[in-house]
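Quick notes on the structure that follows.
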């Protein structure tokens, strides 16, 4: 199993406040890795460092065993790291289709001049983006929304659209930030299936999630963060029986779900 | 390029720079306060200032003072001046509140794009300028000499005349007062709360409408006082008096970090001095170029102004 | 205020129109029911409205008197005006409207050099004669060709006049301009003239209020004469701040026709006294008491600088019309060849359209009143 | 009552036109386009009391301010409307273009056709020089920087020798005849047609970009710059492109303007112009090019039409702006895509 995404003893400080301390993580091809932990454990911070939004104080992040430190987020994204957001952040005034196409464009070459004169490459790229976007909308089961403005979509579909937009980048690793937030049990089950489907489609997934039942059901490997430190890592079953984790979550597990 | 003047006249230039800066500061506070709570460039603020100048002028006429011939006795002066300052403060403050009510409130309620509010503000500004142009016959109006301009004392080439001293003391007094209001009163806390995070503020039961009106009132009153100081210093006004001063004051606010009160103050004094120094070194006509080039450099190294913004927007 | 002005204007034109209806005149361009139009170009609104309205009144007065006195055979003259707000960007569209109106046979204006320069190409193409009462920039004839004329001497004459005073009054001269077409042009000429004794220069902008940096320079340069080329609003602030500084309170202050205005005295108060002012103009008040009275009766205000020049410029057109010229070419020919007696001077134009009699008068302010001192240049 | 209400709510010109347009055959579209363009070219001949301007020459007004401001509004719309970058110094690019033709055309006999391109080029260079550092700043800081830039260009023009200082430049040459149309001072029509052609070129370019990748990138940046970056959009590059393209359009327009007015002064290029162009963009409806065009035309036409009010016209104009923005905060013709809703099962579009 090749490690696609690897985070080596990552430390992140904000003005002396330590958000992450010596964190080691990795995501291998074809797996669903989960990152769990109580609120404020620093899970989202990991995403922000990995995607290049923050520069880590110490440590290294590498994609395909090639360091991405100091690269701009858009470069990292095009190298194969796509994410969704805890609080949904779509391009509200663009249609669902355009949202996904924007993601798909990242795979294309055509520049501005090409677009003006409508060179053959540009036309091909447009077609490509369009078809890829359409496929993804179908894949996420929201093809019927393609013509609607993102901000007018129902909550669930917005979450799905965000995932579709991220997938459009054809990432090596897909980072999902609490995708199940605000879902009812039924939707959560569907989502679980969906994430598996995504994995099977050949995308590795790193998942931040509060809902333990979901995490335990779908993930192949679970890492636990607490106060910015990794306190455990292992298969769901190992984690469930891990004393440290239980202490950290002491009674949190239930009402978090 | 002539630096020798800068040295020989340094103290004089510095004093005037600070006096001008003090006037800028009072106006730029209006921009920065409003920006803090609304994220809006209150384009019509310069006209609020202009209204203040004409209020002072009107009172001088009511009191029957004209020309430069008889400086008032110091006692009488203070009475008259106080009345003028208060009147201008009230007039400007009221018109600022009215402005917010007419030009911004409805847009804000509808959660409109801030640019729409900006255009609304520009429209309001056109309206006010034209209104005063027509009613004042587009003339320059002179303001009576209320105090002798003979220096009370001087440090090297810096001549401290009464009006300069009064402006400095007055401005600093007002800034202190504002600081008290913002930090101790309930509405002041409201302003800070809304600046930090409007939604939460609402949840905490802050009456946003009242806070915003109060913010405009504060900004307006400060501009009003500034206008009286301005009249005392320059002794004339015109319908378009606000425009140039407004740009300078807004620049100062940005220089210091818009939305940040301390920033606005420091920015104003820095700008006031910059304009003085640059205009003797390179010539008055290059003054604004120098100012803006320096502004660009400041922002390049400190992208949110000298003091940064008080309000950090929530990220990701 | 403005309303009154407008209603007067309306009343006047209505009267004219009515009179025309009863007594149709013979010679006049077709389709103008016997009337011909003269147009005033200038800033009737905007920052410079004060001077503009003064000139416009002079213009209207001349025509009013002509229409009262005229014989039945002579065509009525209609009053028209285009308000450029003294800004060049406004003039083209207005100028084009004017040249396309076939009843218009002449333009009195423009008032400032900038707006005039912007409009002249149109007038030139259309062969529409122009007489400006107050645009003094030397470059204008090159733009206006044979249609452009002015009743005032240009800055090439006024500049030296100001230099003359400056040299007469002191040894160390400091020149300040306001970067307007008028001010900068004038200042450049003066700087050349006084080169030997020039100790410093600076340029401010219109709307400048804080002159302390300029004052500091004047002080440092130990200048004994300050020449300001610009308009009265800034000049009044400048002189105040000079006088209020111990080091510069006694410098001589020399300025031009842009400052020669009651407003200047109003704004600068006692500090206006004993400042040296020049103008290629007379003051209506001084030149013709009777006319001044009629003027006051008609418009309820005092005549201003260039009111007289506007009146004279209009007289030139009216003379041409009286002589039976009612179309552009003939009027233009008349203006280019004949001479006309105006108030206080006889007007004739040279090839470039400059007055053949160029004069500059020196004025000063004596206890709050503008006073004529002497004629500086007369050639 | 209610039924009549629903009927009213169904009446929505933008959408119903959008519907017609989508269902229109290629032939219908072409006819419509040709008719519209024809109308625009014919405008100068439609000078009548109803649409004509009482105090000013209608044909001349069509060129300046109308056509000039329409082009500038379209250009600025790429920056402000499409990409959400607040630019308060747009006049700078206009001035650069104008002075390019004024200087090169008058003193070096370069003809307008070349100067339009040069003007655009110089404007682009200026755009890069300003944009590279400035575009890193957020909205309002950028606003004041651009404002400063606008002023600086004017002040420099005022203080340099070869720009004629305050006196500006006179006798700027008009272009040589093309298909025996003479560019005469007294006849604004050719210049209007030229500007119109330029406008259509710009609009064509904008349409190409707008619905392709760059358009999406710009909108994404406007909607949420951070997320755009996360989604692989090279935000810096596209922001710079928007800024520079907008500038180029302003520059080209400036060159044509200079050729028509034949004499330019620094005080044609004050901050007010920038503000007015911005007003045009927002007034018409940011990001919706047709709205922007309509808004600019209206906003520039009204003051000329209102001239009979002489003294009070700007007063009323300002009042109108306030009222207008309060009634329609998103402008006359807001940017709002016509939403298509499909049936979940059949996938057919549901008309609503």
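First chain written, first letter: the chains are A, B, C and D, and each begins at residue 1.
Rule of thumb we're sticking to: contacts are C-beta pairs under 8 Å (C-beta built on N, C-alpha and C of every residue); 3 or more make two chains touch, one makes a residue touch a chain.
None of the values given here were measured: they were computed from a predicted structure.
Here the chain-to-chain distance from chain A to chain C, counted in touching steps, is 2. For chain C, the chain with the farthest CA centroid is A. The mean-CA centres of chain C and chain D are about 38 angstrom from one another, to the nearest whole unit. Taking the mean of the C-alpha atoms as each chain's centre, chain A and chain B sit 48 Å apart. Inter-chain centre distance (chain A to chain D, centres taken as mean C-alpha positions): 41 Å. Residue positions 2, 45, 179, 203 of chain C each touch two or more of the other chains.
Shared contact sites, meaning residues of chain B that touch two or more other chains, fall at 134, 285, 316. Multi-chain contact residues, meaning those touching two or more other chains, occur in chain D at positions 158-159, 226, 311-312.
On the side of chain B, the complex with chain D involves touching residues 35, 41, 102-103, 106-107, 110, 112-113, 115-120, 122-131, 134, 247, 250-251, 254, 258, 285-286, 288-289, 291-293, 295-296, 299-300, 303-305, 315-316. Of all residues in chain C, those touching chain B in their complex are 1-2, 45-47, 49-50, 179, 202-205, 207-210, 212-214, 216-217, 219-220, 232-233, 236-237, 240, 244-246, 263, 266-267, 269-271.
Residues 55-57, 59-61, 64, 158-159, 165-168, 170-171, 184-186, 188, 260-265, 267-268, 304, 310-312 of chain D are the ones touching chain C in the complex. Those residues of chain D that touch chain A in the shared complex are 205, 208-209, 212-214, 216-217, 219-220, 222-224, 226-235, 238, 241, 335, 337, 339-344, 347, 349. Residues of chain A that touch chain D in their complex: 51, 53, 72-74, 77-78, 82-83, 85, 89-95, 98, 101-103, 105-106, 108, 110, 112, 115-118, 122, 125-126, 129, 143-149, 152, 165-166, 169.
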